[in-house]
């Protein structure tokens, strides 16, 4: 359960209530640099809510967050980004009417001195955007192209490329592959792999056990707002993981008729 | 490639252009009653566009649609629904501010004679909705509950239950499982299986080869607006299908590092 | 983990409980009901001796409220269908002017003038709607354009034809007409005469109408308001079409996918709004006997305010006709009540703004509880 | 199937080609540019002999356009940030009245009156913004409330304090003030005198100012308009904050997720709008020497119309300050040009409505081409 | 003592000329020791005004003082008020004839068409043959009547010489300038009150026609008086709004207290104010004049 080095983020007993809904009922977790931590679980288990507390979107109702060993409270996403946490949200955080390069640098605009005032360095932004997109295998018509003209998969790729580019220390991905085709999925998994090898901590949410097994170093399963425990790679088989995620016995009936292919 | 009985829908050389974008460049397909036809392919391949021409949302730029042997042109979704085609769209077609039962019967409101005028039969609607949702394994707080209070997975389930309930002859599902957890996915696949056995034709879009293999009778792969051909169950292995969807060779490199788990 | 067969919210350990009573209370009209109660309590306390609640006073604010109600019903249905109409006020002026021009200037029989005007108004409403659904432009812009266009014609026509901006004489023209009393008449006159005779309500003390009750019947305006509210409420909550209105306003694309004829719904709602505006205009012209180029100024805002106070969502998909009617009632009672209470009249706007703000914050809170919006 | 390394749209067999020329042409301001060209062509053809294009005529419509521009800049930035402000007109009335009350009634030095008024207006703008971002209410409703509240106070204050609704005498009070000329003065007077003497521009032939050039300088109003347009344009397109404005209006939630301080952006834009309205009011008060309770009526619509004609999207996230400025220019030129051309003045509204409709349809078409909206 | 009188006007909130009326009302209220109230439809909508008269009647005052700016709209409510025992005096707009028909005690005001006509005759005498009428309140019939009367007095067609100027001073100023430069042969300008006169003064100052073009105006105000003094405005037609509010209160109070009532209507205008004898006017313009 522990690693040879110190966790970059440690979440302790996080609870989150929305009005009368208890979305998280005490979840603890450690994320280590250079490792991919997979977060799994049913719909509505609280995965998105959990990572949103990690990235400053929600403030936890109860619980503590330690970042690089120090207790920390993110007031807003900006603080988390400043601390080096980059997130690709399930609901994408792209602005369709804006150009790809403006979207790419949204919140992280590069500045250029112009006399006394600082201006948006469009040239730099355009260059970097084109470059980063090319690295991800996407050739844009131009950096001015509006995000609205991209397909869903392409948008997803922009979001990931952006997060990777600015994700200094921690990269959080919330179901990045759910809407992607096979090739795009492979691309994303490869990116996670690459990023992890650069020493960045990755938190990866998915419903697909195979995707999780492909890149995960640790696996945490959430269920109805609580954690079912964390397992290390090699300590758990895909079948055990699948069972845990689905809550066990209920699947047996289906498996029969569908041939264990889920 | 052909079946023992007549296709319920036959699409012949469908083309669809959006302004300067050619989304479909001539796709043909036959769908048979009692069979599940899986539609696979890359992001942006044109799958959603294709099924939208089938369900009357888009009019094809070129090409013919035969329904039960007769040429047919759906002017709007209403026509397709009237003909017995029910669709669960990738973008859900649920209205968050409305109650579950109003959503369930949206466009198919049950009527009750009240003197000379016909009124919305709320009682019937509520009863049926609760019943159908219970069948899918979801207990609602009440039929008045707004869809906005449901989780994503629950909404997806409402959409599917609605389509199944009104899907007299053809049921079209566009990536119904992409956002679902393991248990919910199993549920949906089982539903497809059940519906198919009732003699209804199912068109099922997915990026997940395993889900496709679990319930599919025929498999059609689209690529960049064209079809790569249709295969019958048993004529093709999951690996071949995967290769076809991903466009072959490019995956090899990745597979190495990720252990063939995609 | 748990034995529950589904992740449903029912009997769920993840839902804190909410009392039954609170559940029963929370409905779209709640804001309107609370507001109405508050407003009446306040005025009963502070203005009861001002004549606000004698027969004449009641008739006074009832009529003002009824006016607001008539246009609020149209605006409410349209708003729930996801659009709104800034041209209501101009339409009121325009329709009134058309009736006057047709009947007085052109000398048509009044019933024909009224029918043609209704047809014209419905056509303009349909045009509004058609432009909105075809171009996908926000209705704010399209109807703002019509606000100017209709007002422009309302000033231009009488000025070029008659060289004045008020055309009178409609009352004389309407003498003996069969359709006019439907808008300008009063009913239950016998009942009121009896009440006057019996001393239940006040009677005129002098003049040509000595002995007659000061309130001599219920104006058709009020009847129209009630009828429209009831019909609107039934349409919205009890019919298939009502479901379509909610759907069109909640999410037009989704509604279209499920087979709801969204364009038709929206165009029809624009026509309904135009219809209500024309009813308003016709009642006004028949009551006062003249049409002026400045009639209906700012009425679009008043309609929208009444609807919003009544709990509808500006962006569509949520609201209630009853709520809108209560909003109109609050609006009317406050407006007239402030006069009765003798409040400096320039402060009326300040009150209106503050009430609007509070009502809408209250309603938002209620709505979030109902719909689970986030 | 194909060898392309990605499903990108570039060099794609699935994209029909589009000419370079067309691409270069398609920009947010295109509608405004085309409109301006059309308007000038028409008036040059039909009203060139009416004095519209002599020095006096040019100054005439320039001043009107400059007024629209000042409020359009604020409205444009706010609209791009996803909100709009219906209280602009009331704010103009309110700010003007405050300056007059402070300087004339209370006898403060004019510079102090101006500065305090600006502070007050910015505070009200911030309050507007604060309510909008905190409650999540549509800005339509919140600012509609302030439309009424501010107008109410604008009428109430002078009436209770001074027993009148126009307060004059600001000109006398402003005599010798250091700040007042920044709003009410003219510059380049020497240049114009020289041009008049040199016969380049016409001089008065009769009346009290015989021999002086008909146009004796550029009013500060026009300078303000140009400065605000340039600053607004730079802010929007060249700075980090400009990117945030687009982001906040395009999708507030997404922008928040990526660390854009959306609330701050929106509140600041409400303050900018209030600032622009106050500049307008101050210039007007300094020019006319008086403040009236009815100043600024309907100006909010005029601002919104100019912005929308200039190509901005009512729902936010898209637009350009240059476009808004061109929209204001079109608006001003058409309004004055119709007078020069001798068109029946009540038809102005009809023209305005029709122009608005056409401009916005054209702009929608252009925008769809740019953004690939569906 | 303590009688209650309500004055109902047709003016929108923002119309500044009505201040003088309010001041006259307030002063009369103080002097006679009666309770007075001023009410008006916020947007100037006459239909709303009808409701306000009904409301005023319902609140049971001793008397109502109201304008009669549209006989057809207002006669019903006024008559009902009279019949229910409330005394009514008509002020400002309407005609003595109409006042009698609705059963009012008397009429205090200035018949608008006649005033315009008289002004037209005077201007004709001064050699005017074309003019610009700056109508800032186009939707009110009485303002159109003034322009029409003026044209008839001059004996010419009104035609396009009346412009819809709106109420915004910058708009008015620029429209006047635009009209005058498009129609340079215009002899005279007629404004209908301070709202349009003040910006017109500026416009004339700016295009150099001040003092050169013939300039007449209805109703007085601070700037107008200055203009008359400076010789820019040839005359102002004073209908003495102060009296229109003051007199009815006094008359009505005395009627209620002592049963005395003047036997005739009072024409508070038209009186032509010119540069001669301006002192008092100057002092109180906009407040009591």
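Read from first to last, the chains carry the letters A, B, C, D and E; within each, the first residue is number 1.
As a convention for this text, contacts are C-beta pairs under 8 Å (C-beta built on N, C-alpha and C of every residue); 3 or more make two chains touch, one makes a residue touch a chain.
The UniProt protein names, listed by chain, are A, B = ABC transporter ATP-binding protein; C, D = Xylose transport system permease protein XylH.
Keep in mind it's a predicted model, so treat the numbers as computed, not measured.
Peer 1: Hey, what chains does subunit C share as contacts with subunit E?
Peer 2: D
Peer 1: Can you tell me which chain lies farthest from subunit C, using the average of the Cα atoms as each chain's centre?
Peer 2: Looking at centroid distances, A is the chain farthest away.
Peer 1: Which chain has its C-alpha centroid at the greatest distance from the C-alpha centroid of subunit B?
Peer 2: Max centre-to-centre separation from subunit B belongs to E.
Peer 1: Quick one: how far do you have to rotate subunit C to sit on subunit D, C-alpha fit, nearest 5 degrees?
Peer 2: 180
Peer 1: Using mean CA coordinates as chain centres, what's the gap between subunit D and subunit E in Å?
Peer 2: So the centroids are 34 Å from each other.
Peer 1: So what's the Cα centroid distance for subunit A and subunit D, whole Å?
Peer 2: Taking the mean C-alpha position of each chain, the two centres sit 43 Å apart.
Peer 1: Compute the distance, rounded to whole Å, between the mean C-alpha positions of subunit C and subunit D.
Peer 2: That gives a centre separation of 33 Å.
Peer 1: Once you find the CA centre of subunit A and the CA centre of subunit B, what distance in Å lies between them?
Peer 2: Using C-alpha averages as centres, the distance is 29 Å.
Peer 1: For subunit B, give me the residues that contact two or more of the other chains.
Peer 2: Residues 42-44, 151, 153-154, 247, 250.
Peer 1: Among the residues of subunit D, which are close enough to touch at least two other chains?
Peer 2: 5, 7, 9, 151, 155, 159, 344, 346, 348, 374
Peer 1: Of all the residues in subunit E, which ones touch at least 2 other chains?
Peer 2: 13, 138, 164
Peer 1: Contact residues on subunit C for subunit B in the complex?
Peer 2: Against subunit B, the touching part of subunit C is residues 5-11, 234, 237-240, 242-244, 246-247, 250-251, 253-261, 313, 317-318, 370-374.
Peer 1: Please give the residue numbers of subunit E that touch subunit C in the complex, ascending.
Peer 2: Within the complex, subunit E contacts subunit C at residues 13, 37-40, 42-47, 50-52, 54-60, 70-73, 76, 79-80, 82-85, 103, 138-141, 144, 148, 158, 164.
Peer 1: Which part of subunit B faces subunit A closely enough to touch in the complex?
Peer 2: 41-45, 151-154, 175, 178-187, 189-190, 193, 207-211, 213-215, 242, 245-247, 250-251, 254-255, 257-259, 261-262
Peer 1: Can you name the residues of subunit A that touch subunit D in the complex?
Peer 2: It is residues 57, 76-78, 80-82, 87, 89, 91-98, 102, 105-109, 111, 117-120, 122, 137-141, 145-146, 148-151, 153-154 of subunit A that touch subunit D.
Peer 1: In the complex, go through subunit C and note every residue touching subunit D.
Peer 2: 131, 135-138, 140-142, 144-149, 151-153, 155-156, 159-160, 301, 304-305, 308, 314-315, 344, 346-354, 356-357, 360-361, 364
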